[in-house]
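Pasting the structures here.
What follows is a pair of complexes built around chain A, which joins chain B in one and chain C in the other.
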Partner chain A sequence: MTMIYHCTLELHDSLYFATREIGRLYETEPVLHNYALSYVLGLIDNPQYNTVVPEEHAYRYFCSEQVPKYEEHLTPLNQQGIYVTPARAVSHTAILNTWKYADNRYHVEMEPTSKNIPSFGRTKEIAPESQFEFFLITEKALVLQRWVRIGKWASKARLEAVELPKLTLHSAGEFAYPHPLNPLDVMFTNQVLSYDTVNMPPVSLIRNVRMIGEFYTVEGMQGLKIPAKMQYRFSN
Partner chain B sequence: MVTSVKTQNDINNRRKTMTLLKTVNAKFFHAEIPYKPMGKYVHFLTVRVTESYPLFQTDGELNKARVRAGVTDSTPISRLAMFKRKQSTPERLVGRELLRNYGLMTAEECEYNVKFAMNNPDCIIYGFAIGDSGSEKSKVVVDTAFSITAFDESHETFTLNAPYENGTMASKGEAGSKPGEVTSRINQQDHIRPQVFFPSIVTLKDPTEASFLYVFNNILRTRHYGAQTTRTGRVRNELVGIVFADGEIISNLRWTQAIYDQMQATGTLHSPDPLNEDDVLTAAQVAVEGLMASESLVHTDFIGEAFKPLLAEVKAQTGSEESLRAILRLADDEAKAYFAKHVEKPKKAAAQAR
Partner chain C sequence: MPYSLVLNLLPRSPIPQAHLSGRHLHALFLDLVQAIDPALANALHQQQSEKAFTLSPLQVGNPKGNTLQWQHDRSISAGTPCWWRISLLDETLFGRLTHLWLNLNTQKSWHLGAADLDVINILGTPQATQPWANFSTYAQLYEQASDCDRLIHLKFYTPTTFRVTNYDCALPTKELVFQSLLKRWNQYSQISFQKTLIEPIYPSFFDIRTEIAIDNRSKFIGCVGNITFQILGDIDPSTIQQINTLADFAVFAGIGRKTPMGMGMVRRHPRKS
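Entry: the complex of A and B
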């Protein structure tokens, strides 16, 4: 039985991740990627959700290399019928911050950098109390944590998940979906007609999508049509 | 410096020489530092109190955030913000100072943000990231703290100048200047007032008893936050309690807002006067107890009266040279054992595979 949770994430600290880098300015787009959210919700490598990954891919405190393992980590979610959509901002404000790598000496000479590692920069972050919304589609009821951490600074956020009442699955038809989507996860099962792109690594997202495919409607939520059959897909 | 590999046996022997905490059940601690997250959390509930005029700023302006005043009172106000790194860095530095003082680390082998040795308590507990040598995730997480009172009643603008020898800003012809000329060496700077309160929760993941005491000691000892060169950043950490839990608890923002509501309800917010510290600590305790009651996770709280024996015990242990040395040694042994098993070995294996 498919269930959909409408999730709201309220930031309690400023949120930063680099959507794009413009010289020394690092910008955070008010869109949360569904890969990131899957980690944030604690769905990955978690015995509670039956998504434990093989030992060699398990999360460790010490990481000898920085190589993402999205495919290894997200595939168990497909097997459990769990899928998280990207999030859009319901309300948000941005703030600019300067950061630097300091050491504990009182006097530091500016030296030309030998390595390609930035020593200072400015970040455009999303301010506390901004809110995001997304959907969590699952075959089984899930118990989620209330406080989660998100972004480069592991900022605290409050998560609220409300199960949507009475879903109806409709056969393939044309419809519009205003929220962001991960194109890889929809394009194999739905025919995407038009969209706007949100550039962000590792997989750019799309929004304001018109498509043909199966979709869910929710009782009491007029006009909301959520694409069905989404799952994590990888290009190779 | 000899960095011999410590085995679990050595650590157990060392643990016997250290007095174990009697007020806390050993089940809240790990026997060794785990290599992956195991879901044990300890949350230190602190209220950071300014005692002089600190500066928390970037770009020449004090950091602030516009947020709701309370959980129930939704009026937006601007609050001073103490960013997370501005809290954890001074605490790390205090711990590192002690490790050097007791001969467990040298300035040459490990320098903060310059060269991490990767095998001492600071590196393993608070984490590091070194390009190709890998990264250790921090087990200590601190969040941005917000002042209880609004920005406008929590700061003052100071005029700074650099007067001549005679105490005035007018030149008498010193060093080639024109007599009578008024110097432009004058500036204005906003400072945070004394007795501004920042409720802040420090979270330590997967503690061993020694790492718990190490972090606890760092929080209790750190006296300066913010711009170091100003010499005015005196801040005292008052602990309201400790919560052991199997997950993350409330945010600093929510706690601060609940304290604001509580103080408004009891009529203890006499704006624009500074807050009374006793009122703040009482409200902080009531607020956190209320919030924790509605959290849906497994937690054991040491708050208020229940916290006193634990705090006294920790202060006694970190206050004597002998037992502090034992704590630091044990923390160091654990870090070395962890390093040998989970950092050095996988790296060697990876190098061989290539």
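Entry: the complex of A and C
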């Protein structure tokens, strides 16, 4: 039976990842991608959720190559009927930090760097106490961690998951969903009519979506219509 | 379904003033289309009149609501937030360009003249802070149009000019304004309106002036400002509804010549503003 958790993530550290790079400014958009959240929640390659992936794709701290394996890692979640939606900020503030990786010796011979690694710049980060919300749709009850680590700095965040009461599945109709969505995950089962695009890698997200398709309503939460049949899909 | 999409852009390098003309923005749009559908870009390029899209001039900073820029007297420096409106009139265009809207980040960065641009986001739904983003089906436009409102306040945001025989005319008469809208409506919607629709419309107020829009090759003189048309006489509600539909459609279609080059951006206002 389908269950939906309403999850809230409260930052206890400043959160940074580069949604976009504008010259020397690395900017964090207050939107969390659902791929990232799936990793953050510890759902990937985890025996607890029965999502263990083949050895050659194992998700480890030390990786042999820096190539994302979203398809290999997320497909077991589909098989378990687990899906995480992208998160939007309920409340947030941004902070700017300047950083520099410098050589502090007095005498330095200038040599060209061998790798293309930025050495100074500014990061726009999301401040502690900012809150995000998202939905976790699952076929069976899950036990989630209370504390998670997120972003480039592995910032600490508190996770609160509340199971939504009484879901009703409605047959296909037109409805609007204001939260962000991953377009690949909804476009095959729902007809998307209009949306705003948030340009971010690896898959741009959409929000303020008007679409035709099956959806869930929740008792006591008037106006909330959550699209049904979402699962991780990949363009190739 | 007509769409009015607003792209929020951030230039990585300064955009020289010479590259801010309508012609360069037109080329940028065709480049965007070309990236995912070369045949479509070609078809759009070859369309002679009543093109299926309109483009705004590049706007710097947040929308101020009441004015739009159509000339830039200096270059735009790197990192300055800009926005740009694309409206699509063809029902199928938005769908055909879906891959573009969703895969912008995996593409190369876009060039406006010599400058690289990053697309931050694309707004396709009505927003409190951005009055130019919108969408509606043709049927909805028609159904939602008033059948009793006899006053039509139009505001010309960028210079608007009309082709009359072989020359340009900047004076927005009722025939020129509404024929322009009617032609586009009949071409792109499935709901056809009669040409006689224009007869009961009369101008009742205007506060307009001419402005020059300079293209690299020529100068276009167009009008900007407010103009109010009134529907007079004993007219049946369905005709009033059709005229109101055309007025509401103006935000998507623009009016007059060179709408794919930033001219003729028009919006209806509930009252004069």
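What we mean here is this: the second predicted complex is superposed on the first by the 222 of 236 C-alpha atoms of A that agree within 3 Å, B and C clash if a C-alpha of one lies under 4 Å from a C-alpha of the other, contacts with A are read in each partner's own complex, and residues count from 1 in each chain.
The rule we apply is simple: a residue touches a chain if its C-beta (ideal position, glycine included) is under 8 Å from a C-beta of that chain, and two chains touch if they have at least 3 such contacts.
This one's a predicted model, so the numbers in the text were calculated from it and none came from an experiment.
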- Given the superposition on chain A, are chain B and chain C in a clash or a fit? fit
- Kindly classify A:Ile22 by the partners it touches after superposition: chain B alone (first), chain C alone (second), both, or neither? second
- Looking at the overlay, does A:Arg149 come into contact with chain B only (first), chain C only (second), both, or neither? first
- Message: Tell me the contact category for A:Gln222 with respect to chain B and chain C: first, second, both or neither.
- Response: neither
- Message: Output check: A:Ser204 vs chain B and chain C. Expected answer is one of first, second, both, neither. What do you get?
- Response: second
- Reported in degrees to the nearest 10, the CA-centre angle with chain A in the middle and chain B, chain C at the ends is 130
- Mind working out whether A:Phe62 is in touch with chain B, chain C, both or neither, as first, second, both or neither? first
- Query: For chain A, which side has the bigger count of touched residues, chain B or chain C?
  - Reply: B
- Who does A:Thr168 touch here: chain B (first), chain C (second), both, or neither? neither
- Minimum distance between Cα atoms of chain B and chain C in the superposition (Å): 20
- Flag every residue of chain C that touches chain A in the complex, lowest number first. 1, 3, 10, 12, 78-79, 101-106, 118-125, 127, 133, 135
- Query: Okay, in this complex, where on chain B does chain A touch?
  - Reply: 34-37, 58-59, 63, 65-68, 83-85, 89, 93, 96, 111-114, 127, 131, 134-137, 139, 141, 143-144, 228-229, 247-254, 295-297, 342-343, 346-347, 350
- For chain A, which residues are in contact with chain B within the complex? 12-14, 58-66, 93, 95-99, 101-104, 106, 115, 117, 127-129, 145-149, 153-158
- Query: Where on chain A does chain C make contact in their complex?
  - Reply: 20, 22-23, 25, 183-184, 193-204, 206, 208, 210
